[in-house]
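In what comes next, chain A is part of two complexes: it sits with chain B in the first one and with chain C in the second one.
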Partner chain A sequence: MSSPVKSKGARPKTKAGSDTAAEPAGEPVKPARAGGNILIVGVGGQGVLMIAKVVALLAQKQGYQVKQSEVHGMAKRGGIVFSHVRYGPEVWSPTIVKGEADALIALEWAEGLRWLDHLKHEGVFIADTRRIVPPFACRSRKAGAPINYAKETPADIVSRVADGFALDASTIAEGFGDARAANTVLLGVLSASLAYPEADWLEVIEASVPPKSRDINRNAFAAGREWALAARANPTLRFDSSITSYEAPAGLLQPKITLEINAAWCKGCDICVKLCPERCLALNAEQVAVLKSPDACTGCHICEWLCPDFAISIRTSHPEPVTA
Partner chain B sequence: MNVQPKTVDAGSRKRKLLPLMGNEAIARAAWEAGVKVASAYPGTPSTEILESLAKYPAADIDAEWAVNEKVSVDIAIGAALEGVRAMASMKHVGLNVAADSIMSQSYIGAHGGLVVIVCDDPGIHSSQNEQDTRLFSRFANIPVLEPSDAQEAYEMTKLAFDISEEFDTPVIVRSTTRLSHTRSVVAVGERVTPKPKGFVDSSTKTVTIPANARRLHPKVIEREAKLAAYLETSPLTRWEKGDPKFGIVTGSISYLYVKEVVPNASILKLGASHPLPGETIRAFAKSVDRLLVVEELEPVLEKEIKAMGIACEGKAFFPRLGELSPELVRAGLAKAGLIEAAPPARAIDIEPMARPPVLCPGCPHTSTYVALRGLETRVAGDIGCYTLAAVEPLKSMDTAVCMGASIANAVGMWKAGTEKKPIVATIGDSTFLHSGIPPLIDAVYNKANITIVILDNGITAMTGGQDHPGTGKTLRGAPTFKVDYETMCRAAGVEWVRKIDPYEVGRLYQTLREAIVHKGVAVVIASRPCVLDPVKIKGTPLTIAKDGCIACQSCMNLGCPSLTWADEMHEGRHKIKIDETSCIGCTLCAQVCPTDCIQPVTP
Partner chain C sequence: MNEMVRTLEPFEIKDYLRLQLMPHFMCPGCGHGIALRALLWAVHELAIDKNKLAIVSGIGCSGRVGAYIDANTFHTTHGRPLAFATGLKLARPDLTVVVITGDGDCLAIGGNHLIHACRRNLDLTCLMLNNEVYGMTGGQVSPTTSANRLTTTTPGGNAEPTFDACKLAEAAGASFVGREVTRQAMALKNVIRDGIAHPGFSFIEAISDCTEIYGRKNDLGESPEMILSQKSDMRPEAFGNVADEPFRPNRLVTGILAKQARPEYGAAYRDYAVRVKSKPGRPR
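Our next item is the complex of A and B:
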């Protein structure tokens, strides 16, 4: 594994604002090794497989043996999607060994973090800072419970990896008319780390997208590439510094909830039992509503409002601030 | 034996190179091998095989979705007995459904050529178990070929037909999720059209009455011996000479992991893992100081090699569960003291966030489970997208055994006589047609008091949106008869049948309540198309009116992925926001919202 693939022709020019896309002098992009392991991750519907396809075609074009492997059984149902692309003179395993990925491309922030242990020490980390918060992350009904989403910020991560880039690719792509072209923005960023001719990239991208979105994708690629070249020259640009923390707002109040049921007024209609979002009410043997799980009650007042006989009253007070 | 694989080297230069997924390579090979009839029931990771076959000319190949795996194999058998090449494909658990046919067909043979492609799922990426098909091939006394990559999947599928005809046996080609879904360049060839042989015409062979079966069984045993002899010299069995310190017997994708870790080791690669070429294995064992067996899942080869009286080691070093990987092969060889262990992995100290799969925004299954949870029912579930209702926040499915189990499970729950809750079976439309009809008939016949909900989303959604007899379209998209569930249920003797739209939450509740109090079998057909297939549905998204949300979390109980917490809070609870790009405007959240603050986005 030696002979680096050299970039043919002149330094690639980006279409959008090619005047600003100056490569840092002296240290151009990394020479590509004869072969590589690229791991692309995200969630269903984001276009992980499109990136994988482009990288695979590009590698094939350079004359490599390529294996592209993915598991996408649950992809459509909002689950995790990942694709391994391995290329070189001879490729055996279709999967990348943990710690051996030359590049990790994440279309979603928390997914990038999930796979970080697959990246080589000197590998390139490229992530969209876009968050797709799963319903699972909004599950705790405790007062003031934070969203159960990754806490690490782009600044944290970029400082922890050797060669990291974190950008809001979705917004960049949206600027060209389609947020779904975020994957092509990330390909632009990747292109600045692999010494393959820009023309080859564009050719395989065009072959992999529907004809009517070619322009959007060409622009998205150019913007990603330009952004990456600028960020290489100026490391402060490597991450989106506007995102400081993913922590939940602090200083929330822990409410004290008292729920009273006037048994004499309750006629056992079951409405409160069926409509309590926390399912904490029940009818007892006498067909009277009782609070069966007081800990689950969030004091949302629904039962109080819906009871046709005004049998339920709720009082909420907010004495102590939650310590963050 | 004249069964030789046409190796890649033979004129590979002139052969067309195509980047193919393992499944596509299998389909290509089937088409080239002149398969006339191919039948399958979808199942991850096997589904793309028939989907790709349907792209070849209809004049060449009859490719169809069968109603289930047993039917697909029986169709293939019928075609093979008529003297043409035939194939069925399925996921590993589909083989259980088809087992009866294959067990008998092993006695009958293959005549025109009969290949069954079975895709296992080590690691249980999307299945209900990780059974190892190599064990089944032994049970059925039929050979199993195990390709390691797409090129081999192509070569071996073609070869499987030659072996099938030559030895008069059904042949299994076993893939795994990893192989089925890995794309690499395959050198392909041209299609040949074998001459149809005509009907087998030998009823002493094709009618398995006891007298015939008794005569056929010894022939099966003889056939196995002949196959083993063939595999001693066949290129399917490949001895790669290397360092004699240790030798590895392996096959399937495990071979690639071994090559990745110890490219220069002595390797005996078995292209067929049943029957085993005993003499070659013995000679290989003699040539090395220590013999190891690297195989994914069960210690099938290891036990058989040990039974031959040859010392070897396998599962002592390599896991019996889940998918193998280069990492695990390296760790196992290191544990055996044969190579250096890998340096410790980089510690990143980030807790990965849970992201379980969820029902789509607007999924028509959602409301049924919200209602069933509200009605406090005992739910016998089944296999499909709707199995996701077994976890929070829908958490309303008590069982999911295997495809088609729900209705009869519910009958059994009722027969137990101890259940206090109303008993409900929920079953998807594709699953109902696959294996839900006999238990429906049974429920009526045995006078069960249960409710059955047929979740009719008009597609086989879980596996990516395949047609079935209830969609009125064939695999190739041609119009065909569309099953009517109501008529079918009435014909089975169900007197109480209602059809409803699950987007009408109030009516859905009401109908389910009525069904539950009905004495006897009640069927509710909840009809509303899947939002992904056959067409992606996207209506006007909804939004949450400013200040209207009281953060009660009622809508969050739907588990719709378009609903998440906003930054604003109300009394310590998160208010909700709707992601307008993914919301399809089904209005379920608006229907459960007590304050009416969820309204369509105004342009």
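Our next item is the complex of A and C:
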């Protein structure tokens, strides 16, 4: 997750505008003649491979040789999916070496951060700020517990990379009727960094999506491209400034869990003790179940349902949200 | 149905128990208690009035379970709860009638009643608590005792093949057949709930642990080990298979196993009664 660009402002922050005075601000920059390395990352179901396909077809259309490789083993369960697309006059290896990606496109925020070290110093970083929190980030299973997920905000990351864009592409896509078109919004953003004709982009996108979603994708692409051109012209628009913190808000509404053990009914069978996923029960010296770590109890009811003697009862009450 | 479940008061088991009889007589860790909870939970979700609920049970530890329910309960003779329940339901179609029976009660001495109850398809629910043994009488072999298991009547290990009670019920005509393990208490509640709601004969097998007699005699571990191995048996491959030799050697399939559309006998019987009465010239 460490970015190769350590010092803030050590390099020119943008490719466009600042160094090419001849080019009007907001115009797409020229592509590298030698081709490019595009890394697309996300989680299952987001359309990583669709982006990869579009980029690959587009590069082919420009007469480049293209190699694409991908990993999508856990795709169905929201697991990591990534795809490397390499194109140029002649391409040998299908994978992008660390620090060699010209563009990193992240459909999921934490995945983007995870792959930052693959980006070239001057590479383009494009990410959806929408977060998909994986189950293993929820170490504490208590309702409302803080999650172990990247705390960096879009502002943090965009200031750390040379050429970053972080936008709520999912919400933009939702506006066109399908959040799944977020990937096409990101393609629109990418299109503003690669000077290939807009018509070519639209042609390959239309060839890569089902006919009934063509309109949505065309709109999503246009919205992404427009957003990126505006952001190139005005760097304050490069990140979604509405997100000021990914920290869990203090004092999240935790339900109040009351676990009662009726000692007179408990027969000390040990089922609740051994089957509690949080290991919060124990048998005392009299072989009666006791709650030894109330703080760890999630109120999951397993002990209650499996106690053959109905000795445990759990009540959860949800506090009313406090209006600040 | 889900709509209704959500708007209900939370389930408080004490509302459904005869508190003066508690704690119940069952041994520590006995699965029958878990099954009883699942049944009462299902009754709660279906919002059945306790006065309109009749529990008919046979004998054995399973039969004894009914005595703790604060509803109309009948503790009947060995193997005959289905026969009593049939009469009751025909006379009082307004009642929800649930039979609680054991593997010995239902499949051995009561086997004939079971197949004919399935055949008639009267709107009853039969909850069979299968612990593979005659628990109450000290651990004799039953029609579901697994191969090679030790019981007082099979001191060298059981050599008889077993019944698959669910297949038997389906073949005999039960229009709803389900099975669940007590380990999956919520799923068990769901099967029981769906079975009671089903208009026709519902047969539900609850896999339950006889911890004190069968578990002890066969070295199946303490109560927690026994209930945990119910699950390893369902999905042996997920638990390393060979290493933890499953508690029950057969692979259990759980959930709703069969549903068939057949005429419900209660309605057919009432039609018949009307027809016979209205025939002129017939005696009475």
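What we mean here is this: the second predicted complex is superposed on the first by the 219 of 324 C-alpha atoms of A that agree within 3 Å, B and C clash if a C-alpha of one lies under 4 Å from a C-alpha of the other, contacts with A are read in each partner's own complex, and residues count from 1 in each chain.
In the analysis below, contacts are C-beta pairs under 8 Å (C-beta built on N, C-alpha and C of every residue); 3 or more make two chains touch, one makes a residue touch a chain.
Computed from a prediction, not measured in an experiment: that's the story for all the values here.
By the touch criterion defined above, A:Val133 reaches chain B but does not reach chain C.
When the two complexes are superposed, the chain touching more residues of chain A, out of chain B and chain C, is B.
Applying the stated contact rule after C-alpha superposition, one finds that A:His121 touches chain B and leaves chain C untouched. When the two complexes are overlaid on their common chain A, residue A:Leu113 makes contact with chain B while staying clear of chain C.
Applying the stated contact rule after C-alpha superposition, one finds that A:Ile80 touches chain B and leaves chain C untouched. Of the two partner chains, both chain B and chain C are touched by A:Leu306.
Touch criterion not met for A:Arg232: it reaches neither chain B nor chain C. Contacts of A:Ile271 after superposition: chain C is touched, whereas chain B is not reached. Of the two partner chains, chain B is the only one touched by A:Asn148; chain C is not. Touched by chain B in one complex and by chain C in the other are residues 274-275, 305-306 of chain A. Within the complex formed with chain A, the residues of chain B that make contact are 19, 44-45, 125-126, 149, 177-178, 181-185, 253, 256-257, 259-260, 263, 325-327, 342, 345-348, 350, 352-360, 374, 385, 388, 392-393, 464, 532, 550-554, 556-557, 559-561, 563-565, 567, 569, 571-574, 581, 594.
Those residues of chain A lying in contact with chain C across their complex are 264-265, 267-271, 273-275, 305-311, 313, 315. Chain contact summary for the complex, chain C toward chain A: residues 10, 12-14, 17, 22-24, 26-34, 37-38, 182-183, 185-186, 211, 222-225, 227-228. Residues 43, 56-57, 60, 65-74, 76-80, 91-95, 97-99, 110-111, 113-114, 116-117, 119, 121, 133-139, 141, 143-145, 147-150, 152, 160, 179, 249, 252-255, 274-275, 277-278, 298-302, 305-306, 316, 318 of chain A touch chain B in their complex.
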